[in-house]
Every structure is written in structure tokens, then in C-alpha cells.
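Take this structure first; my questions come after.
Chain IDs A, B, C, D and E follow the sequence of writing; residue 1 opens each chain.
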């Protein structure tokens, strides 16, 4: 199966904990620090982004939970497989979605990423180490773009946007695959083509399952006008929403195209079957009468006048040649070859 | 059929009646007591959970009905097969759903479970003895988790949650089955594979039928903000709701995958048919001309010059060998084998 | 076609007119009385149920129309084929639906039944004589159940409930049929099985067409909170509504199952086709080479050394036996039999 | 194609213009009058119905447009192919729909008809001469029914009702066709049956396309409670609405039935294919071994002991007869014939 | 693939920038002017239409962005592939859609066109040089129609209308294609017919993808009653909306028809297969028994009485002729030819 959860992080299952805190003036990045100490480093006047990679360390999760007063149901949702959703609590907004990353060949790797957005902090929980945000971390550090000038809600938007941007990459490869298969399916569709179409369909089913609830989750954030998202930033969320809707459109289009590929495959198989049957029928129809004729003159009746005719043998050849010509004309007329 | 209602309880059809009443401080469990006496044991300052296993004892049902002033339609709904639903009455909330339990091999056993939630009581009606709650009863007794600290509405949430949790188990096995079939369908799909796919489809139809109305029922509880569910507990119901939506997503995904399996099965059958036809055609196309040729020289014409040629016999073998080589090349070119 | 309108009433097309009027204290039943006189018998302080069987007598219809001031469109709806609907007029509520009754073998008989519900009267129009209400009339007479204690709206509920109850019977037989076909379709599906599946599909299409608008009509009565239905009785209508939704669920489930049966039938046909083709191919592949070999030694060349070998004949048999064994092994390897 | 726009009106493309004006007391009908003069004849205290047949005369259209101050977009809609719709302007209500008329054999002829409803006038634009309203014009003249007692909105209702009534005729013929095909498809489905089913499907697609937007248009009139439709007449529009919904139900049912017919056709073709293949296989399986056997004794080996046995020839016949019997039993067991 | 983005504009990638400004009295057209100077030419009391062809010149885009204070997200949307949408900002309305233009043979060329509508200006961004507006520019210059008398919102309506008008052209060709294929598919459907049907399906998928969100975007403009569209012009937008809905209807109808074509193609292939199989079976069934019979009398048994009969040879011919007649009658009876 080509849709696989991303591989486990460390062999020793250690968590990776990272704090990036910034405002217009300054920027700090802290990692490799025990969770208790790290939580002391939060500065209320800054945007604090805590990133957790790997969810097996009970202790880290619990400390974060108690520090930010996270609801137990929220922690359940972070730890178990969830459909993308947004949920507003009293002191924070919870957002969970699938992150698709890395494509080797045509395989899709995914993991679940969850966000807790508060007034001046953002906690992100990832199942595995390694994410799509390294370039963005660098942008924060160098103070490129708007991110340092804005609050935590803008940070969340940017992270979601980066993840959604990657969906486009995934989908583009699907598009390439569709065109790729299309070229082979019409001329020489094999069982292997069928396998590729099936794989494609499975990937599209998977993408649909990730995208539809994501659209609803974003729609909820926009419509509910959550107090944790400033009104001026709603337009950004709206833009991601549009991207997701565009992605869904594309997935649906690819589904239709894939259904067309399947039709083409079936048609190719039927066409070949027809061809095989026609060859069989042409061969049978030509040789069965001929074999019958030569069989006739292989009979041992004492009294068979034709056998003693001088030109009998050549006459039979003549009859048979005529027969073959008549039949070939018939098949040509029927357009069988 | 693998989807079967759970087997009958006692051979003698006796009902099982059980009362668990608790609050923060104390916990009582009463069973094997006649219904009249048991109903005397209810304590208004506690949460009283009455569980009825088996619905054949008219008398027990009637006594409970009159004690809690249950509407006659509600009792009808408890006793007959219903689609999952929630309905609010003046003095209680009625909730009915399917409980799937025990899976031997791939069979799904189900029974209907109905709840009546009042201010300080919860009545649960089960069709059969034996349920999924034994571990939870123990947790109540030992005062683990939040349940002893909360009211009857939290108890109802927990029971629904346990049942829904079990849907995941059922669905996981469906998922295993899908992968299992997937492995065999591509290489050697037989009629038996088809049967398994059909069985899978039936199970998914059954799960859909149980889940869709359950989602609506839970949605109704959440949206109507029933007076029997405290606002602080609504979030828990909301969480179960999310689980059910997630389950529905999964069922729909499995349906799509199962449709793909069916396509694969049909493709496998067609491929084999094609292969069979190709073998037939290759054999016929090679041997029909050969048989014709040897037939020619089996004719008894008096005047057949070739027959007396010294190398005639070997010449015929040569001609035939050439013919076979030409044909095999042709088939190779056509990629028929 | 097995879905047939119920047969005509009287050979002479006479209408049957019946008035049942009751309250808590008393009960009267009048029939075989001319329409004018009968309409005099209505008693304002009682519930008056007028039942009309057969809609061909223009005169009766008109008299009833003018007595209750029925809208001309309403009468049109009573007389012509309508989809189930509820419509509120100033002085009454109009409700029309399909009544399915009597099943001989698997045939469904139906007729349209229309109700006009006023403050203290209910008029029911049936196309044919004979209905499902005889047992209920007896219950009214004997004052069983709640009906004598309630108003005309409860009477209407009870009549609708009885009709809907009968839909369950119809659907149960459909369910039996599904299981019945299921048993034969997997082992020996014939053309006759196909006919039965098609018949089943037609019945389900018919039931859908009757049930979907019925749900909407009942929903309208409940949501609009018609002034002709007391609020305390709304719950009863709500209960019938739930039953209809449950029926629709079941019809949809049976549709899915029937689609599965069709797949199974097609699969059975393809399997058999495959089997036939395999037999043909095995036979051809075995005997064509053999026939060729014996043909070779039937040739009349003067110089054919093998012919004079002493063990030549037995040698040919040996070669052929070897060939057969090789081929059978090949087919066994291919799992063709 | 059997769905054709109605044929052109006059060879010389003349328009036909007609004014019917009436109230309770009087009735006038004017035609064959130039458009300018005719527009002078409108009487404000009466209902004025102007009917235009043929839309090629720019001049007539423009004069009517300027007289009633019709919006230019409205005139565009009248002149070009539109989906049925209702649109309210300041001084009038615009309504356009398809009129299906005349069925020869199974062909459907259609034209677009547009209405402009004002306070005391109704303008109807038809593409072609000849409509379905002749009987109704007579009813107006003779003052039958309610029409003379009511306003222009009732007139519009009546015209729409007449057109919708005709949809039923069209659909009834479709129903006849379905039953007709059903009888032939099961026993002897030919390519011609397939053509008929396809034609049927096309007609249903066409009807759907005409009916769905018509329902929406009527729904809009009813819901918006247009000021040009008196509240007392809304119920009539509501009734036509119900008819259209009923028609849509029927079209959908026929679509399902037609899909069933297609299945039956495919099944019939497959069944016949199976039968053909079985005959081929039975013949081959019987005669191939026999031909082999006689081939064996046609060999010219010098040393073949059986040849000189006295009963050899009869023995071979015996062996072959036994073989045939065995094979026929096998086929009978396999239920191949 | 026949659906291709329009070809690149200039070889040197130069942008084309054009300003048309007009009011009732005057009209100016400016092009080939650097962007800075051109932006100076805007006149507040006029309607200013700035058209940008080609989006590669970063500089031009940025200058326009800063001049009109365009949101950065808006510029992103202009530059990247978007689904059609409308979005209202504080100072302008953003509208983006697909422009389909030029059809050579059956190919569809498309590009994205985006509009920014302000109080007195309209900026249009096109991906490529060359559009559908040349005739309309001429109409503005000559002051034909209403456009010079109205504001920028009417200009936008006209541009959208022209683009939508062209969708009709595209769809008409699709309609021609459907009828074209229909004629060939029934009599001699080939693999090439299948390709054409598939191409058709792809075009319809593409059109759907362009039209559905366009409908929503227009609906949003109408429903939100944007402050940049005068209320008197809303009806025009409403008219385009109706056209788009009509187009969607047509696309859906063509999809249904195309599905029918696919059925017809499959049916044609099956019919031909059936025919081929019947020919094979007829030939085999006739010649196999005949070959067997002549084989019998080719055996070399010493004792075969028939061989020495004087009429034996003719008798065999008689038997064989009888057999052929019997079989042909059987096939005729089975309607196999």
C-alpha cells in the first residue's frame, strides 16, 4: 500500500520539544530542554510556538496539558486518529488535520498534526519528527514576511497554509500519474495498468477523506468568528479555505478522469478479446471446410470416381483456393480484419 | 448470514434486573430482587442506574413504566426494532441505538439498547443478557475516573461512548478483511473471493444503517440542548458525535475500497477469460492448418505427384515447421503470450 | 406485473358509505343509508368518521363536498392519482396516501386513501371496498384503547398508523424474498433468478415512491403544528413519522442488497461462462495435437520410414499419452480444473 | 431524433396576434389586426390576454415591449432558449416554460412559451402557431368554470395547468412504452430493443430537464407571494406545483425502470452468448475425441493389430457410442442443455 | 489532450497594458505606455478600464497593486490557478473566472481572467494576449448600447456576459459532437468512436469544473448585494446567473447523453462479439460432424462392409447433406442468422 503513515521518529522514541518565541523586536529558539524548564521560558508579551514531535512521552503531554489547562478530550483527540476538525474551548481553539509529506515515487506519507491556539501561544503536536516548516522557521528568524508583525493566529494560518500548499504537490503528482496512465491505457492496457488505476483511486479516496472535513473545519473557524482569530486575519483563513475547496474540485475531477481510465482499460480488454475471437473464428472458418474436403478424398470407398480422374487432385486444390478467397472476401466485408 | 442478532438470554427467559446507585461518597449494587422492591431502593440524592436485560417479562416492563411514568409509545419503541433516535419527553430523555458486541471470526452480533435519562436516574433496556459494560461497572465501584463525581447524564455519555468505542473494533476487523481480500483478489480471485466481498458489503450496509441515524440522534441531543444534559457535559456528547462522524467517514471509505475490490475481482475474471481464449486461439490457429496439410496428403487420389517424391514426407514436415514458427512469431508480436 | 391496483368493488359499482360516530359514552354505526340522510346524522359533540368506499358516484362526492365546503382542488386530488401529501385548508386538514393491502404470493395491491380531518369529523375516501380497518372498528365499538377518549385527530393517527403497520408486512415479505433469492443466486443462478431480482427491484421502486412523499407529508403535519391536530397528539404523529423513516431506511438497505444480488447473478453467469470456455479450451488443446499426429501417419507418402517400424504404432500411442499427461499437468498448474 | 422542436408556423413566417379580453359580463376576441391598433383595444377594467404566435416579427415584439415597458432582458429571454423560470419585475411577473404538444407515434414536439402577467393583462409568447388552449378559449367564451369570474393571475394558472396536464399525456405514453419494451426484452431482446430503450432514456432526460426548473419556478411564485398573484389563487399554483412534483416522481421512477430494462437487455444478450458458447462447447467436446479415434484407425502403420480384427470396426463404433453417452450425461449433469 | 491553456503571448513575454476611459461624453484609449504614466491618466469622473495581458511582468503587477491598494492575497489569486470566485474587499470587488476562447476542430483553449471592480475603475488581468472583447471595445468607442451611459459595474457585467456567451458556443460544438458520434456509434462503433466519447466526457468534466463555481460566484454577488454593484444592475447579473444555470443544465444533459453513447458503444461491441461467436459456432457445428463422418470412412479396417457398397460414397454424401440441412434449420429456428 502506497499510503503509509510516516515512519517512527527516534529509535529510542524520545520526544522532540521546541519553543520558538518572537515579537517584532526579538526572536528566541529553545530546544533540548526538559519540558518543565521550557514551559518557564514562555513570555506573555511574545508569540510562543511550542512544537512537540512524537506523542509517546506521557510525561511531556501531561505537563503541557496541565500548564495550558487543556481539556482531557482534547488530549484524547491529539493522541488518537481523528478526522480534521476545529473546536473552540474557553481558553483556546483546537485544530487538527492531516499533514501529507514526502513523496518517494508515488507513495503518500501522512501524519496527524494538532494545534492549540491561545491568546499568545500556539502548541503544535506532531506524531513524527520532521515536518514541512523548516523553511518557515528560517523566515521567522530572519524576520521575512509579515509573521513577526502579527499574533499567534497568523502563525497558525501560515502553518496550515504550508501544509495545504503541500497537498497541491501531492495532487500534482496524481495529475501526472493520470496523464501517464492515459497514454498507456489506450494502446496496450495490461493488468499492471489496472493495478496503477486502482492505486490512483485509493489515493484519491484518501485525499477526499482528508480534504472534506478539513474544509468544514476551516469553514467553522471562519463562520464562528472565533475570538482567537483576529478579524483582520479571517481573510487569510478564508483564502486557505478557498484553496481547500479548489483541491476538492481537483480531486473530484481526477476521480471522474480515473473512472474514465477504468472504462478505457475495460474497453481495451474487450477490444483485445474481440480481436482474439475474430482471429479464432477466421482461422476456424477457413480451415474447417478445407479439412472436411481433404477428409472426403481420404475415404476408402472402393467406388469413388473422382479419385481416378487425372486432374482430380488439382481440381480439389482449385476448389479449396476458391473457397478461401470467398471467405476472405466475406470477412473483409464484415470488417473482421 | 454473518450479521445476527445476539442469542437469547436465559433458557427460561428470565429477566435480569440490576440497580447501581452511587454518588461521590457511596455506591450500591442490587440485583436478584423483585422489581417492586428494587424500585423502592431508588435514592433521590444519588444517581440510580437500572439495567434491564431481556424484554419478554411484561410485568417488569410495566412496573418500570408506571413508576417512571413512561409514555406508551416509548415502551413500544423499546420493545420493537427501531432506528437509533433521541426523543425528549417532559420528564426524561429517550435514546435508543444498536449495540454491536462480540465478534467470532467475522460475524457481527447486535442488539438494540434503549436508555431513559431522568434527572437522577438512567434506565437501560437491553434485549439480551451480557453487555459491554462490565469493566465500566468495576470503574464505578472503584471510583475511577470522573463518573462518581457527575450526574446521570455523564453516565449515559459513558455508556454510549463504550458502545461507540466497540464500533471501532468492529470496523477495524472490516479494515483487516479489506486488506486481506485485497491480497488475494489480484492474483487468484475465485468465486469464494466474490462471496467474501459480498459479505463485506453487507456488513458495511449494516453499519451504515446503524451509524447514520445514530449521528442524527446525537446531533439532536447536542443541538436541542436538552434540559437533562448539563451544559458542561455537552462537550462529551459532542466528542462521541465526532467519533460517529469519523466512523461514518471510515465506512464510506471502506465502501469505496470494497467497490474497488469488486472491480478487481471482475478484472481478474476477465483477465483469466482472456487468457483462456488466447490459449484456445493459439492452439487452434497452429493445429488447424497443420491438420489440414496432413489431411491433404491423406487423400487417395491416384495421381498425386508429391506422394512419390523421395523427400516428400520430410518436405511436409519442413513446411509445417516453418508455418509453426511464423505463427508463433505472429502471436509473440501480438503479445498473446 | 405484481404491483396492481386493488380490484374494483362491486360489480354494479355501488358506493359504500358508512358513518361511525362516538364519544366516551356512546357509539353509533350507520351504513346503507342515502348520503343526504346520513349527513343529517352527524353529531357535533361526537367524533364523526365518514368512510366512502368507491369514488365513481358523482352524487355522493358532491353532497359530501358541499356539506363540508370542501375545496374543488381537494376533490380533484381525491379522485385522481396523487403522491402522498398533507395540505391545510381553512376548515380542515387534507391528507392523502397509498394503502397497501393483501399480499397473495408476492403481489402488492394498493389503493389511494384520502382523509379530510375537521374539528369533530374525519372523512376517508377509499378507491375500493375493503380495507385494513375492520379490527380497529371493532376496537372502537368495544371501547378498547384510547380512541374513544380522544378526538378526530387521534382517529386519523390511528388509521395512518394501521396503514403504515401494513407497510412493515409488505416489507417483511420483501426481506424474505431477498434471503430466498440469495440462497439460489450463488449456486445456480438462472434466467428465472434474474426475473425475480428484477421484480424485487420494481417493488422497492414502488415502495420508495410511496414512502418518501409520505414522510414529507407527515413531517409537514408535525412541523406546521396544524390547528386540527392537538399538541398532545403530535407525539403520536411523530411516532408514525419515525416508523416511515425506519421503513425508508429498510427499503434503501434492501435496494443495496438487491444490487448485490444482481452482482451475484452476473458473477454466477460469468463464472459459468468461464467454466464452459475452460472445458472447450481443455478439450481443444488436448485433441487438436492428437488429431494432428494421427493425421500425420494417415498420409500416403510412399516413403515414410516410421510406418514400417514394428513398434511404430505403439510408439505413436506412447507419444500421445505423454502429450496428454503434459497438458493435463499444465492445466492443473493453471488451475483450470 | 424523436424530440423535435415544433415545426415552423407559416411558410411566410407571419406572426399571429390575438387579443381576448373579458370580465364577468362581456367577452371579446380580436385577431388579424395590426399590432398598434390591437394594443388600443386593451380595456383596463377587463382581463386582457394577448397571445403572440411566432417570434420572428421584430416589429410586433418591439411594439408590445414598449407598450408594456418590458425589460430588454425579458425580451431576450422570450426570444432565446431558456430554462423554465419565474422572475418578478416592478410592473409584471415573467414566467417561461416548455410546452410539449402533439405526439405522433412516440415523438415529442416542444416549444418555449413565455408569459408576462400584469395587474390586468397577460401576454403569452409562443414560438409556433397552434397550441393546447383551443378548448379553453371556448370555455372562456361560453363562461364555463371560474375563469371569467377571476383575474389575470387565475388565467395564467389555467394556462400553466393545461400545459402541465399535457405533460401527463406525454408521460403516460412513456409508461406504455416501458411496459411494451418490458414484454419483448425478456424473451427476445434484439439490437432494436436496445435502440428503443436508448430513445426512452433520452425522452426521460428531456422531460427531467423541462420539469425540474419548472418546479423551482412555480415554487418561487408560491414562496415569494408575488404581488401579481392574489393570495386566494396561490392554492391553485400550489396545486400545479404538486402536479409537477408528481410528474418528477414519475419520471424518476421511469428512469429506474428503464435502467432495469437495460439490465434485462444486457442479461438477455449474455444469456444468448452463454447459450451459443455452450452449443459450441458441447459439439466440440463430442466430436473432437471421435474424430481423433477415427483418425487413429486411418493411420497407415504396417503393424496395427486392431485393423485386422474381425469386429474391430464395430468395436470402434461401440467405443464411440459409449463416449458420446458419457459426455451427454456429463453435460446433462452440468445442466448445459 | 484537447483542453489546453491558451498559448503564450509574446515570444519576449512583454505585457500588454491598455486603458480605456469613458463617460457619456468622451472616450479615450491608451496603450503602449509605461505603467507609471498610464496610471496617471485615470480620471475619477470617468469609468476607467485597465486591461493587463500577460502576468509575468512583476513590475507592472506591483505598480497596479500599490496604486489601487490591492490585497496581497488578491494578487496571489490573480497569478495562480483559481476556481471561479467572487470576493468583496473594503475598496473593491474581486471576481475571477475561466475564459474559454477559440475552438479549432474540437479543442478548447482556456485562460484565467480576473477582475477588480472599484467605484470608478475596473482592472482586468488576462494570462495571455488576445481576448473576446474586441467587438465590445468597438461598441464602447462608437457609443452603441447602454455601456457609455452606465458605471464600471455594468462594464464588468458586459465582460462576464461576453465570456459566458462564448461558453454557449463551446457547448454547441459539444452538442454537435454528441449527435455526430450518435450516428456512428449505432452502426459501426470502433475503438476510435470510444476515443471520441472519452474526449467528449473530458470536455464535459472540464466545463462542469468551470461552471459550477462560476454559478456560486455570481450567486454571491447577487445575494450579498455588493456595494460596488448598483441595485439597478443586479438584474443583469441575475440574467448571467440564469445563463450559467442553463449551461450547467445542458452540461448535465450532455453528460447523461454521453453515458448513453458509452452504453451504445459497449452494446455495439457485445453485439459484434455475439455475431462473431455465432459464426464460429455455426461453422464448427456444421463441419465437425461432417469431418467425423469422412474420418470414419478413412479408417483402414480390413472389414468395413460399407466401403464395398456400390452407392456407399454417394450415400455418405446424402447423409451429410441431410445433416447440414437439419442443422441449418436448427440455427434458423434459434435465430442465429
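Simple rule for what comes next: contacts are C-beta pairs under 8 Å (C-beta built on N, C-alpha and C of every residue); 3 or more make two chains touch, one makes a residue touch a chain.
Since the model is a prediction, treat every value here as computed from it, not as a measurement.
Counted as hops between touching chains, the shortest connection from subunit C to subunit E is 2. Centre-to-centre, using mean CA coordinates, subunit B is 26 Å away from subunit C. Subunit A and subunit D have Cα centroids separated by 42 Å. Those residues of subunit C in touch with two or more other chains are numbered 273, 277, 280, 284, 288, 291, 295, 298-300, 304. Each chain touches its two ring neighbours, and walking from subunit A in the direction of subunit E yields A, E, D, C, B. On subunit A, the positions that touch subunit E within their shared complex are 179, 186, 235-236, 238-239, 242, 245-246, 249, 253, 256-257, 260, 263-264, 267, 270-271, 273-274, 277-278, 280-281, 284-285, 288-289, 291-292, 295-296, 298-304, 335-336. Interface residues of subunit B, counted against subunit C in their complex, comprise 1, 71, 73, 76-77, 81-83, 85, 87, 188, 191, 194-195, 198, 201-202, 205-206, 209, 213, 262, 265-266, 269, 272-273, 276-277, 279-280, 283-284, 287-288, 290-291, 294-295, 297-300, 304, 306-308, 310, 312-313, 316.
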